[in-house]
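Here subunit A shows up in two complexes: once beside subunit B, once beside subunit C.
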Partner chain A sequence: MSMKGKRERYLPLFFVLPTVIIILIISIFPLIYSFWLSLCEWEIGIGADRVFVGLRNYARLLTDSRFLNSLMNTGRVLFFGVGAQFALGLGVALLLNRSFRGKNLVSTLFLLPMMVSPVVVGCIWRIIYHYRYGPLNYMLNMAGLSSVNWLGSTDMAIYSIILADIWEWTPFMMIVLLAGLQAIPDELYEAARVDGANRWQIFTYMLVPLLRPVMIIVILIRIMDTFKIFDLVFLITFGGPGQASETVSFYNYLTGFRHFSMGYASSMAYFQLAIIVIIANIFLRVWRRREEA
Partner chain B sequence: MRYRKNGVNILVFFGLAILLLFFLSPIIWNVLTSFKDRGEYFTYPPVFISSTFSFEYYQHGLAIGGAKGIQDSLIITLSTTAISVILGSLAAYSIARFRIGGDNFAFWILSIRMLPPVASLLPLFLFFRFLRLLDTYEALILTYSIINLPFVVWLMKGFFEELPKELEEAALVDGCSRLGAFTRIALPLVSPGLVATALFCFMFSWNEFIFALILGRSRVVPVTVNIAGMIGGHEILWAEISAVATLASVPIILLAFVLQRFLVRGLTLGAVKG
Partner chain C sequence: MFKKIFVLVIALVFLTSAAYAATTTLTVVGDAGHNMRPFEWYEGDFRELYGVELIQVGVPFGLLYESQRIEFIGETGAYDFMIVYPKFLAEFAANGWLYPLDDFIQEKDPNFDDIIPAYLEFYCKYKGEVFALPYDGDVLSLYYRLDLLENEEEKAAFQDKHGYELKVPETWDEFLDVAEFFTRKAGETLAGEVLNRDFYGTAYYGVKDQLWGWWAAMFASHGGVYFDEETFEPGINSEAAVKATEIMMEFHNYSPPDVLAYGYEELKDVFLEGDCFMVMQWPCIGKKGADPAESRIVGKIGATHVPGVRVNGEVYFRAPMPAGRVLAIAADAEDPWKAYQVIWHLSVVTSLDDVSTHLTGLDPYRFSHFEHPEAYGMFEEIRDAEIYLAGLRQNLENGFPELTLPGTVEYLDTLGVELTNAIVGAKEPQQALDDAASAWRDITNRLGFEAQKAFYVELVEGWREAGLWD
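Coming up: the complex of A and B.
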């Protein structure tokens, strides 16, 4: 084989190699290493040596009330946050699913909350939630309602984070569902109308089934991202008051990078990963069944 | 009674207007705050439009770390974008044309999105600590490139697959090399996709917070970490924070308008083609 032929044959391999190596570094090395760490006790804050402790970290997780509280809070964000994002996002998408002048501009304006940095979002909401001087309480007072202690009350703090999360991520649901709606050909609407279907029937019998794959994907993505919610907690409440609004990933951060308990933090990350993988598998199974049907 | 109407009736118009107000007013409030004087952002009733309306707090915000933050973010973001787009599109081309291990890629991408940040952050932190690379540009550029790469490969693979093979085959018949076919035929044709992918990398790296918080410290302080740091002090400098936050949002808001066409595809990792 000529020199050129040989070079040509291996070229695709050279193209892929750097990326494959890098991906291996990110997905394989940290996964194995942090699994090994999760079986150890390693307090690097006090300079202690790494000690193998088996599954003790995992046992500790199940009795750690602070961890269980953070798990509950993540559950609240999933249920109320992602739920509201979906409902509201679908509503806006249905409103935008028509043609009018300036539609692109309006859709893009709707997207701004999710485009700006979560850190900026956190700062903005922290000002808005200020008990005495924030615009939100001012508006409540104007409407004749009393001020709400958005960030200082243990019951309220997590819901304040959820409201900011809804504000930030509803646009994501909206834009993806809108893309799904627009992929539905006009002829189907025409056919449904000819058959005498009313709006509600078109929605439940035509749009929902056709949109189902898109709905599943978009909710799954939001669920995976919600487990990682960190920036908003860090900036709006820093988990407070006390530990009232800590989420799993925030407590995970504190354990690893404030208390420097590397082993315990790793086991927490693995526990989280296991839950996410289970949820994702359920969703993907439902999704595939639909694809095949 | 049509479901998908042309034009907007009065009810839909008001519905959209109220929703748009809800989604935009916090951002507008932030911009307004950046022009407020001390004493104007902590008053009751709140001041809506500043009476002084000066750029003083922009200057001060930039002086207390905002300028350094934006500079650091630019260095890191631009390097990351270049690295991940170059390496990623090479790999994507191979996968699209020669089907090297391409079938499992969807799962790889998804599993990286599932990973809790601490699971990858902890080993990376220990790794960079061992190499004495904490608090350097290299650490963040490398980390962000690693995170961006699978995403770039995935998006670019989609764009290359949409390209008809025949164009490159014709070039090969005419005596062009494979590399030539890639750089002279395929790459220019996917350039809109390439630009969109680059912008997504830019957006991710520019907005990222937790990795920057852990891997940077005092010498390398991206703008997100800088803004968050300004909240920690005794007196919270809201005007300065809002000013730097506004500046940090400008490139992203511009990107939003440029990206429109590609947004859905990028955000859903190609699962939904917008």
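Coming up: the complex of A and C.
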């Protein structure tokens, strides 16, 4: 190969190299290193050495009732939180997919919760939920209802987190689904109406199939986000009372950065990653199968 | 003329540069808020007296430990000196993260004879070596509504109901009687007035990180210990622990419904807003309670020792000593001597001013702090300050030391979770405590059984020397 040919062949690689190196350092290396850590016991708080323990940390996960509880709580956020966000987001998107005066203003107002910093959201909701002075209980009392123990009840605390999460992230569902709805050509609606389809039939037989890829992606994104839910838990309940509102990512934080058991924390992170990958694969397969059909 | 001005300017520049060069910038980290105020108040003094320019880093109360530990582990040298919670001092010192102060102490005396032994021995020392100077002496005391206790109508009603006189509860049985008696719903009458919101007999710190401290008052007074010294078996599922948990469960019934979400602020507020009859609290509540800006019950607060159990006619009580604060210097501090001078200043020169004001959360730790009731200017009368200090002192003499083993956060966090399970009825007390004990065994084995045991035995010896362990 001539000098020029070599240069043309390797020059692009040379340009890409810095990016590759950076990715290797900040992404691939930590990924591999943390996997290695997940196979070790490493109590850095006492300055102990790393000891290879194989899959023992993973086995411990399966018998750790606190971890299983956090997994259950994450499942609750997924099922109730993401479920409600999807239902509400779709409803609002359908409403906003019509022409009316002030539509832009209303759309922008709907988006506001998503634009607020999660830390601020957490702090605000902690005040809203205050048992004696919170505006939520105040309004309930005004309506003749009893105060709800939003933060001090082991049964209620996780649902308080879910409610705040719904408030914050429904706009995200709404905006993505609205974009999907607006991409559907008007001609299809007209054709359906000409064929005699009512609103329900248009929704179930036309909109849902056409929106399915968008729905799958937006739900998948929220599922991944839910596994990372931390800020709201940290700020609103700190996982309490007791362990009542601990989610996987919050328990992972406690294990890694308060108990400083780095090996166990790494195994928890990998377990979490495995679940997300499995869920993502299921969703993507369903999507592909539908596409192929 | 021009020449003179030129020389003057040059001299000025030189002097300014020299002054600047003599100043060392040191970074201090502590729990943000009222406990870091002294660093702001005396900033000018530190600059003038010791040539120290301070950079203050405040982190939330519950996150101080991990913020410090992360920087230590990463060897970042981010902090030169810091507020440390004593329960972590041993861990930090054992890892070589703190600067030993014995040499400095020879040069600049922190007047150790004046420090209450408990605060010196297990707040500031590790293996006999001094690693910190005290900054805040914490111990739980019982604060109650003096006005309600002295109300004739309430006294008569209590006598009718319980058959004995309404008085400051000294035992847990009396405590529960009084707490139940004063728990009222909105619309009911309290001291002749109709309540417009619920009133509670008591309240406690319900968040899991410090919940153990309130439980420990019951646990320790029933003879509970953290571990068996011989076998190093956890003592937190003993008979004493079960009894303590049962009391705590009843205690819970007379507390606000959301008490399990209560940290320091909420517990302070419920009492100072006049919504609760009595609380076990850190000493600062007595001072803040005398400040009209923070309290609706000024002049109505009594202070005494925490309740206990009656043994041979005498009340045996143990007052837990959760939290507290000391000032320590990082092993890799830029200028340890200058840092020492600053912490010495705070622990010696300004300490009385800092513990006797309601503007900080700092509490007495020197004998001299108890000898000057007149310094506690927030109390309307010196007598009130004397009552406050006497209550505090009673508790100090019967303090129950905080666990300071490596892994303390995990031990106490696990205990807090299981205590919550028992309080809300998710588990039977014995089951919850057995589960906590099992978790403690796991933690011990992970951190090294022999090392942890040796550490504990040494701790207990220190507690005995300080007269706080049988």
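Everything below uses one rule, namely that the second predicted complex is superposed on the first by the 276 of 293 C-alpha atoms of A that agree within 3 Å, B and C clash if a C-alpha of one lies under 4 Å from a C-alpha of the other, contacts with A are read in each partner's own complex, and residues count from 1 in each chain.
Here is the rule we use: contacts are C-beta pairs under 8 Å (C-beta built on N, C-alpha and C of every residue); 3 or more make two chains touch, one makes a residue touch a chain.
All figures in this text were calculated on a predicted structure; none of them were measured in a lab.
Peer 1: Touching A:L62 in the superposition: subunit B (first), subunit C (second), both, neither?
Peer 2: Touch partners of A:L62: none, neither subunit B nor subunit C.
Peer 1: According to the stated criteria, A:G45 is in contact with first (subunit B), second (subunit C), both, or neither; which is it?
Peer 2: second
Peer 1: For A:S261, using the defined touch cut-off, is the partner it touches subunit B, subunit C, both, or neither? Pick first, second, both or neither.
Peer 2: It touches subunit C, and subunit B stays clear.
Peer 1: Looking at subunit A, does subunit C or subunit B touch more of its residues?
Peer 2: Here the partner covering more residues of subunit A is B.
Peer 1: Once chain A of both complexes is superposed, is A:R132 in touch with subunit B (first), subunit C (second), both, or neither?
Peer 2: both
Peer 1: Using the touch definition from the top, say if A:T237 reaches subunit B (first), subunit C (second), both or neither.
Peer 2: The second partner, subunit C, only.
Peer 1: Does subunit B (first) or subunit C (second) touch A:G152, or do both, or does neither?
Peer 2: second
Peer 1: Quick one: is A:A143 in contact with subunit B, with subunit C, with both, or with neither? Answer first, second, both or neither.
Peer 2: Touch partners of A:A143: none, neither subunit B nor subunit C.
Peer 1: Please write out, lowest number first, the residues of subunit A touched by both subunit B and subunit C across the two complexes.
Peer 2: Shared contact residues on subunit A: 132, 257.
Peer 1: For the complex, give me every residue of subunit A touching subunit B.
Peer 2: Residues in contact with subunit B: 4, 8, 11-13, 15-16, 18-20, 22-23, 25-27, 29-31, 33-34, 37, 92, 95-100, 104, 106-113, 115-128, 132-135, 138, 167, 170-172, 175-176, 179-180, 183, 186, 189, 192-193, 198-199, 202, 214, 217-218, 221, 224-225, 227-228, 230-231, 234-235, 248-249, 252-253, 256-257, 262, 265-266, 268-270, 272-273, 276-277, 280.
Peer 1: Show me the residue ranges of subunit C that touch subunit A in the complex, using the header's touch definition.
Peer 2: Touch list, subunit C to subunit A: 62, 65-66, 69-70, 73, 91, 94-95, 197, 206-208, 256-262, 275, 406-407, 409-410, 413, 416-421, 424, 426, 435, 446-448, 451.
Peer 1: Where on subunit A does subunit C make contact in their complex?
Peer 2: Touch list, subunit A to subunit C: 41, 43-48, 65-66, 131-132, 147, 149-154, 157, 237-244, 254, 257-261.
Peer 1: Could you list, by residue number, the parts of subunit B that touch subunit A in their complex?
Peer 2: 1-8, 12, 15-16, 19-20, 22-24, 26-27, 29-30, 33, 41-46, 87-88, 90-91, 93-95, 97-98, 100-101, 108, 110-126, 145-147, 149-150, 153, 177-179, 203, 206-207, 209-210, 214, 224, 227-228, 231, 238, 241-242, 245, 248-249, 252-253, 255-257, 260, 263-264, 267-268, 271-274
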